[in-house]
Every structure is written in C-alpha cells, then in structure tokens.
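Look for chain A in each of the two complexes below; its partner is chain B in the first and chain C in the second.
Presenting the complex of A and B:
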C-alpha cells in the first residue's frame, strides 16, 4: 500500500491541457495521471504512454477459441464417440465453421474484457481515491506525484502558470482497495507517516 | 473562398443547442436523479402485468406440456419459433448501430447507440425463451450443452444448425452484454460522482467498478471498444445467418434456399431499426432528450429502413421468380400457398408484402422521413410486417406437407401461445423501463467526445489552421519540400 502526496490541478479546457502536459513533463515533474471525462485522442502520446497491447491479447484469446472449438469437435466426432449420422463424414469441416467462429469471438471478447478489467483494476466493490469529483463530468484533472525532490509550492505555481484553475495538495492511497463510495476513506488516515516527503 | 475544413452542406449538427460538457451531463443524468414520472409508473406497471401473464402462460405450458399450444401434426413450429426469429432480428439493429457504424465512423450513432444496444440485449433475452420452452421438458434444456455426461458420454451433434443456434445466440448475448456494459462504465462513474444520496453513491459505486477516467484506462477502453466492434460486426451477421440455416439447411420446399442468409440479415436490420424508432421516439420525448436524439437521427434511421426494406422486397420477388423459373413442382406449390389469396394463409403473405415492401417506400419523401408521427406509425407497421414474414416462412411452408390427408388442419394459436408472446413484450418493456430509469440512455462520454466537432454551438468554431483558405494554404506549403 503506497500512500503518497500529490499536487492536483484542474483544467477546464482540453486546449489548455495539452500544452500544460508538455510543459510539466519538460520541467521534469512526474505526472501520476490525467483524469478526463471522455477519451482525448493524442493525450496518451503527449503523456508518453506506450500503446496498449490489448489487441494482441484479444488475438491470442481468439485463436485459443478457434483451436479449442476445432480440436474438441474433431475429438468428439472421431475419437471419443464416432457416431454415424446418416453416413456423413466424421470431419465435416464446413459444418464445424459456425461453432468455431462463435467460440473464436466468444473467447476473444470475454478474454479481452476480463483482461481490461484486471489491468485497469476495475471490479465491483473496488474503490479508488478520486482526486476530483468533476473528473467524470467536465474537468480535466492533472495529478503530479510528489517525490523527495519535489517542492510543493513550486509545483503549484507551475501548474497555475500552465493554466490550471483549481490547485491543491492531496495525500492519498495510489492503489485500489475494497471499499464503499458512501463511506469516507479511513485507509490513509492511519498511514500518513509513510508519506514520501512532507 | 473555401476554408481548409471541408464539411458537407447537408450535414446537420448532432447535438442541438448551446451545450457545455457539464450541461451534457445534466441533461442526460436528470431523469436518473429525478423521481419517476407518472407516465413511467403507469408504463412500468402495465409491462409487469404483461410479464406476469406471460409467466402464467409459460407455467401452463411447462405443467401441461406443449399440448397447451395449438401446434399440430404438420406445424411443429408455429408462433414460438416465429417469435424467436422476430425477437432475434430486432436485436440486430442495436449491434449494427453500436459496432458496424462505429467501424464506418458514422458520428450519428453516438446519440442512439446506448439505447439501441440495451434493446439488443433485452430482445435477445426474449428470443431465447422460445426455443427453450419449445423443448417441452424445459428442465432438460441443459442437454443442448456439450458436457461430459453419464450417457456415454453422448455428445451433441455439432453438425446440426439447431446446435449452431445455441452457440450463436449465447455468444451474441454475452458479447453484446460485455460491449454494452464496458461502454457504460464511465457513464455510471459520472452518475456516482454526482450522487448526493448515500444509497445512490453506493449503488453506482458498485456498478461503475471504480472507474476513474485515467488516461491509460481511456486508451485501453478505446482499444477494447474498437476490437469488440470488430468482433461484433461479423458476429451479428453470423447470428442471423445461422438462424436462417435452421430453415435453409432443411429439405422443406420454401425453406431450402440459398438466398436466406442475406435476406434474413437485411430483414433483421429492417425490423430492428423499426423497433429502435418506436422506442426512441417515445424516449426522447418522455426524457426530454430531443437535443441529443435529433430529427437528423430519426431521418437517417428512416433511410436505413427504406434501404433494408427494399432489399427484403427484392428477396421476396427473387424467391417468387425462382419458384417459377426453377420448375420444381414442390417449390412452386409451396409458393402458391403464399401468393394465392384463395389459400388459407394468402392473406398473411399479402399483409407481409404491403407492410414490408410497399409501405416503407413512403420514406423516399424527405417530408415523411422527418415526420415524427408518421415515422412512429411506420415503425409499428414494419414490425407487424416482419412478424408476418417469419410467420409466412414458417407456417405456409409446413401446413401442407407431402400427405394431403393432413392438409385440413388450420393453425391458430391458443391463448397461452399468445400469452407467451405478450409475456416477452412484458419482459422487454420492463427491462427497458428499468434501464431508462437507472442507466444513462445516451452515452455521455461519447457525446462529450463529439460535442466540439458536431455540436451546434461549436460547429462554427474553427482552429486557426482550419480557417486558412485552401488557396493560401497551397501557396504557403506547395513547395515546402
């Protein structure tokens, strides 16, 4: 459990946000994350995030489905119980295509969604610290992580100069935990001594 | 002088009115946070009553057996399979809007995709009931699953189109549900973060899976949506293709035709769009969402209806032509049982023809495409017509089999057969009422994403580069390299 200190700035226009992200990175601050109410194309590139490999995972799940379907049906019809259905062949590949296709899609979709939820730490009853309630409404929230070298005041001023409207410092748990949104977080109340730097 | 940004003159804004991001949230979340209206309560109660009647009808069928229905010696498939195909077809428009139009980058899908996808899921839920209860001994329904059993193990027949259906429908339902719910996560988080009451915060906290809006998560979310759309596109085509295989791979005259897969898929999209119209014309009015589901949306969907309706019309005429040109006496007899008005079901065929082929032609007129009342009326007509299409295909092909002595039995449903169908309407609308009360019926994040490109108040705003004229830009940059 990592409890850290963050400098949080909110932006109300994505046109201001883009140059601000560039400036902040150039100045050497560590961007913890930028929270936005909708996907902003290009922001991931500006933040220096690498492209996601979720597609590759989906492909691998898909071919797993293809192989499962084909091997299973062939095994059933040829090895386990070779029924004679009106003298039809035991390996009717064209007749296997529909189920093979459906299982390919099913494995790929289910696998990808589960992987997505796992790597984004999304699940029911999971709680995270949200830096700003309007991050899912109309504000773009840039969160800088304070390291031992960060000067808070300087960081705040820097964000203000970059165009942030509302700026504050928050001590928060950076990971997810099991919790409820109708209850206040008690988690990091006990661990403030572990704050990286104060 | 032409500016660098090219936009077609006929392209209307997709979001009407002066909107900010916050206003979008307000407009769409308002019905969720408000108390249910009287209209909602009445509609919900009526739906639940229909559902209960359906439950009782199914109870009769389970307890007393298939004899509660009027299926007879030659008509093994009657209302039940007709309803099954009808409901599955309706679901197709949702996937078309959410997946295929996403791949084709049709911006207008954004206003209607969430509700259409919900409709898909509920329609497939209704569809699934029919083959399951048609089995008679419904407690043995799990026999369709290939699991290691103590009877050998005796496996299912993987070459049977009926088994393909099991896989197709269950895959379709699962993938549609995943696609819909993964798209809902960010919007549920929006509702959660605005919630004032504790129970609401808690409920949407659980439903939103802890979504935060992180840039990395958005990046993955977009990749996920795109791949799911890519998977759903062939999936939706395969599902109705496989449903049509239930008929086409048989040797019954009237069913045994290669035209069925494309004909069924077009028909499915046709009836699905009609149902989307029925639902959205009411929803946009009741929930006050006319700024997001605009006349433009209604018109575009009417264009799809006239296109797919005409494709279906061509399929009907092709079938008729082939039944004459093919010179197969059995095929000709099967089709004579349709087009000849003096046969017992001739009326059904011509009802289908007028509802599906002739009626949609009115949508060639722009005035009628943009007339709400007419569109609503037409959406009902099309759905009636498409129900009769399935009825005609199923019943008229089998009510006169090869033994003329069994010809005399005329098939009309019992009250429990009709009750089952009514019950699925109850299920469908109960689900839709709950959805429209507790979930955002429009994809909030997606609307915000297109707001500054396609919103009415932003269309005029252009970047400096976009304002540049073509001539000036060309002059400046022509010899840059």
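Presenting the complex of A and C:
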C-alpha cells in the first residue's frame, strides 16, 4: 500500500480530453489513470498503454484445463477404475474430447475473469479510492501522479490550460485495500482526505 | 485525397490466369485419355475428379456472395471497404456454375452409376426407399434451379450495388430505402442458400455417392468447409489488391476481422467434423461406420488425419495470436493453406468413396484444380475492372473507413 499525492483534473468533453492527454504526456507528467463513464475507442493508444496480456494468460489457463481433463480421465479409466463401456478402448480419445473441450473453456473463462478482476483491482470486500464521483456519470477524470520532481501548482495550471474544468489535489491510497464502503473504517477516513480544492 | 478506384488487370496476372486455365484444360484432356476411356473404375475416377473440383470451387466462390448477404442482413458496415472484391469473386459463380452444371448433368444423363449408384437402384430396398429424393428427375430439376437462382440472385445483389456508382450520395431517406431493398434481396438469397448449400445440395451432389449412407451433419460440414475457404479467398484478393496499391481504405483492422473469420470458421468446421465423426464412432452401427472404415482404417488414413491437422490445428495455433491476424505474410500463408486444406477435404469426401481400395492422387487432381484457380482469377479480374473498387456512396461506407477492432 502506498499513499500518494495526485493532481486530479476533470474534463466534460472527449474532444478536449484527447489532446489534453497527448499534451500531458508530452510535457512528461506521469498519468496515473484516466477514468471515463464509458469505454472510449483509442484512448488506450493515446495514453500509451501496451496491449493487454490477458489473452496469453487465457491460453495458459486453457491448456491447463486440457491437460487436467485428459490426464484425469485417462488415469481414472486406465489405472484407478478401468471399466469396459460398450467394448470401447480404455483410452477412447473421441469420447474424451467434449469433456476436454468443456474443461478448457471453463478453465480459461474462469481464469481470465479472475485475472481481469485482479488487474482491475476488483473484488468483494475490497475498497479503492474514487477520485471523482462523476467519473461514473458524465465526466472524464484525468489523474496525474505527483513524483518527487512534480510541482503541484505547475501541474494544476497545466491541466487548466489543457481544458480541465475542475482541478484539485488529493492524497490517496493508490491501490486497493480490505474494507467496505458501507462500513467506514479508519484507513479510508485517513487515506483519502481531500487536501485542497481549487 | 484521391484513390485508385479503377482496377487495371496487370499483364502478369492475365498471363498467369491464362496459363493456369491452359494447365487445367490440358489436364482434363490428359485425364480423359488416361482414365476417361478406360474401364468403369477409371471412368469413375475421371468424373469424380471433375465433380469434386467443380463443386468445391463453385461453393467457394458462392460463399463470397453468402458473405455479402449475411453481412447485409446483420447490418454490418465493416466489410464495405472491400465489398466490391467479394462481389467480383462471386461473379465467378456464373462460369463455374455452368461448368459444374454441365458436369453434374452429364453424370446423370451419362448414367455414371459408379459414382451415383442410386441411378440404377434395381431391387435395392434402401435405394428404393430413398427414391423420392434420389431420382434423376429431381436431381436435374433441383441442380439446375440451384445454380440458376444462385447466379440470378447474385447478379441482382451486384446490380443493386452498382446502382450507387451513378446515383451520387444518398439522402437519409434514400439511404434507408436502399438498405431495405438490399435486405430484401439478401434475405431471398440467404433463404435459397439455406435450402440448397446448407441442406439439399451437398446431400444430392456429394453424399449420394455413398447412397446407402447418410449423415444430417454433412451439409453443414460442407458449408463450413467452403465458407472458410471462401473467406480465405477474399483475404487473398484483398491482400493482392493492397499490394498492387489499390484499396487504400482497407487497413489492418479489416484484415484482422477477416483473420478472425478464418479462425472462427476453422473451429466451426472442426466442430462439425468431430460431431459427425464422434456420433458414428460412439454408436458403432455398421451401416454408419462404413463411411469411415476406409478413411480411418484404410488407405485414406494419412489424408484423413492430415486434413484435420491442416484445417484445424494449423489455423488454431497460427491464427490465434492477434499479431498473426495483422501480418500480411502469415495471412496469405494461412489463406493458401486453408484453401488447399479444404480442397483436400473435398478430395477425400468424394474420391475416398469412389476408389475405396487405393489412393490415387496425382497431376490430374492438381491440374484440374489449377484450371479452376485460373478461371477464378480470370473472371474476378474482369469483374474487378468493370466497376469502381470503392462502394463510396453506400450509407455504411464511412463506418467501414473508421472501423476499429
């Protein structure tokens, strides 16, 4: 867990947001993330995010499922409890294929969902700081992370010049932590105090 | 910004299509002297080779029109940037349809009962039971009707598309009317396609070679085979035209989607292949397993499993990655592989039923196939040159330009 300082700017127009993201990156500020109410095509490219590796993870989960299904079934039918079913061989590959297929799909689907939740830091009984409540409604929220070299005032002015409507500085927990929103706990109260509004 | 809308057939392209067609003709002649005049078995080999080649390439180019109609019905816009290419490919339905029609009717009129046993059922109870469907009259009527309606409805779809070139940009009202008209004709084509390619035609033309045997999966399986090969053919032409400097508006995103189609329908083909195989393997009823006997345990074992490797394992493993669907070289390689693979599939579907005891796979097969490839190149080249490469007045054209996957 790391409590960091952020400069938060909110935009009300995609057409302003895109050039703003480009300018901010060009100026060398570190973008923590951009929160939008809906998926925006091309924003990931503008932000310079790399392609996800989720599909590679999915492939690995998939072949794990394939191997699990094949090894388990052949162990059961050859070693643990050999049965003669309709005179079929003890390693009836065609009969194994549907189950192998299902297990491949199951493993890769469940594995990818869990991985996706982990990457996005989503889970039950876990909290994340919300930089702006209207990020889920009608505003695009750009969050800059303050490093040791960042000058807050300069960053705020830069965001204003780039077209941000509302700018503030927040000190907040960057990652997720255990706790629930309906039961305020100490950490939440301490970690997310909004330091300044402008 | 100006675009190269008018395709001019390069001299080399023309030369190669002529050479390939020449090779095809020479092979048919050579095949005729080698097989066509011999005993019944040789004759069956000659006609069988003509049958599977003509039917395969006819269904492949017809799949191109199916692609247009299916995307039209789905209100798809992404394919509009290269729609004229698939239209041009579907133009080949006319020459190949006529050739296939002649071959199929020649089989029936020539009483090739070595290929179609049901032509002379005698007192075979099973064949007599199927006589309502498997009889020469129905075969002739249905075959002619199928091919004529594919040609006619395809020509109507192409002419609707051509209207736009002279009309100029459409207003919103005109656009809605235009899309509606497109939808009506596309749905008519699809209904006829469903009644023929997806059900009766493969039963009639190919499955009836094993007249005692039947599989309800067979038509879907044939359709999947030709559709994935059809998409591969569209991809090949799109990449060829791009390399020649045409189709400036087609980019990696469109190719990515074509690659996805090839990947998905290769899996779909395997699903049907396996469903057909496994149910018969599991039930193990002699009258059903007879189809697989000489394929899985006989001389066709190698081809049978090579078929699975080429058409399933290779697309699965190679086309799975995002980067390979955006790589021109890999896509060309996979398209060629898929077309050859499904051609091989048709080979074993037809020839393995005609010549059960030994495999004959030689210059004759390749030569005839080369002839059809040349014919497709020739007719597609002419059709491409006839109209603008860009359907630029189509209401969905912009959607295709900004397409993003």
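Rule of thumb we're sticking to: the second predicted complex is superposed on the first by the 182 of 198 C-alpha atoms of A that agree within 3 Å, B and C clash if a C-alpha of one lies under 4 Å from a C-alpha of the other, contacts with A are read in each partner's own complex, and residues count from 1 in each chain.
One rule holds for everything that comes next: contacts are C-beta pairs under 8 Å (C-beta built on N, C-alpha and C of every residue); 3 or more make two chains touch, one makes a residue touch a chain.
Model, not experiment: these values are computed from the prediction.
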Request  = Mind working out whether A:119 is in touch with chain B, chain C, both or neither, as first, second, both or neither?
outcome  = first
Key: Partner with the higher number of touched chain A residues, chain C or chain B   = B
Query = Just chain B (first), just chain C (second), both, or neither: which does A:55 touch?
reply = both
Query = Does chain B (first) or chain C (second) touch A:16, or do both, or does neither?
reply = neither
Request  = Mind working out whether A:95 is in touch with chain B, chain C, both or neither, as first, second, both or neither?
outcome  = both
Request  = Classify the contacts of A:42 with the two partner chains as first (chain B alone), second (chain C alone), both, or neither.
outcome  = second
Inquiry  = Looking at A:110, would you say it contacts chain B, chain C, both, or neither? Reply first, second, both or neither.
reply    = first
Task = For A:167, select first, second, both or neither according to whether it touches chain B, chain C, the two together, or no partner.
result = neither
Shared chain A surface residues [contacts with chain B and with chain C] = 51, 55, 95, 98
Request  = Please name which positions on chain C make contact with chain A in the complex.
outcome  = 274, 277-278, 281-282, 284, 320, 322, 404
Request  = Going by the contact rule at the top, pick out the chain B residues touching chain A in the complex.
outcome  = 20-22, 25, 146, 152-155, 157-159, 161, 163-164, 167-168, 171, 174-175, 178-179, 182, 185-186, 189-190, 192-194, 198-199, 201-202, 204-207, 209-224, 227-228, 231-232, 234-235, 238, 242, 245, 444-446, 448-449
Task = Provide the residue numbers of chain A that touch chain B in the complex, in ascending order.
result = 33-40, 43-44, 47, 49, 51-52, 54-55, 58, 62, 72-73, 76-77, 80-81, 83, 85, 88, 92, 95-96, 98-99, 101-103, 105-106, 108-110, 112-113, 116-117, 119-128, 130, 133-138, 141, 176, 180-182
Inquiry  = Touching residues of chain A toward chain C in the complex: what are they?
reply    = 41-42, 51, 55, 59, 86-87, 94-95, 97-98
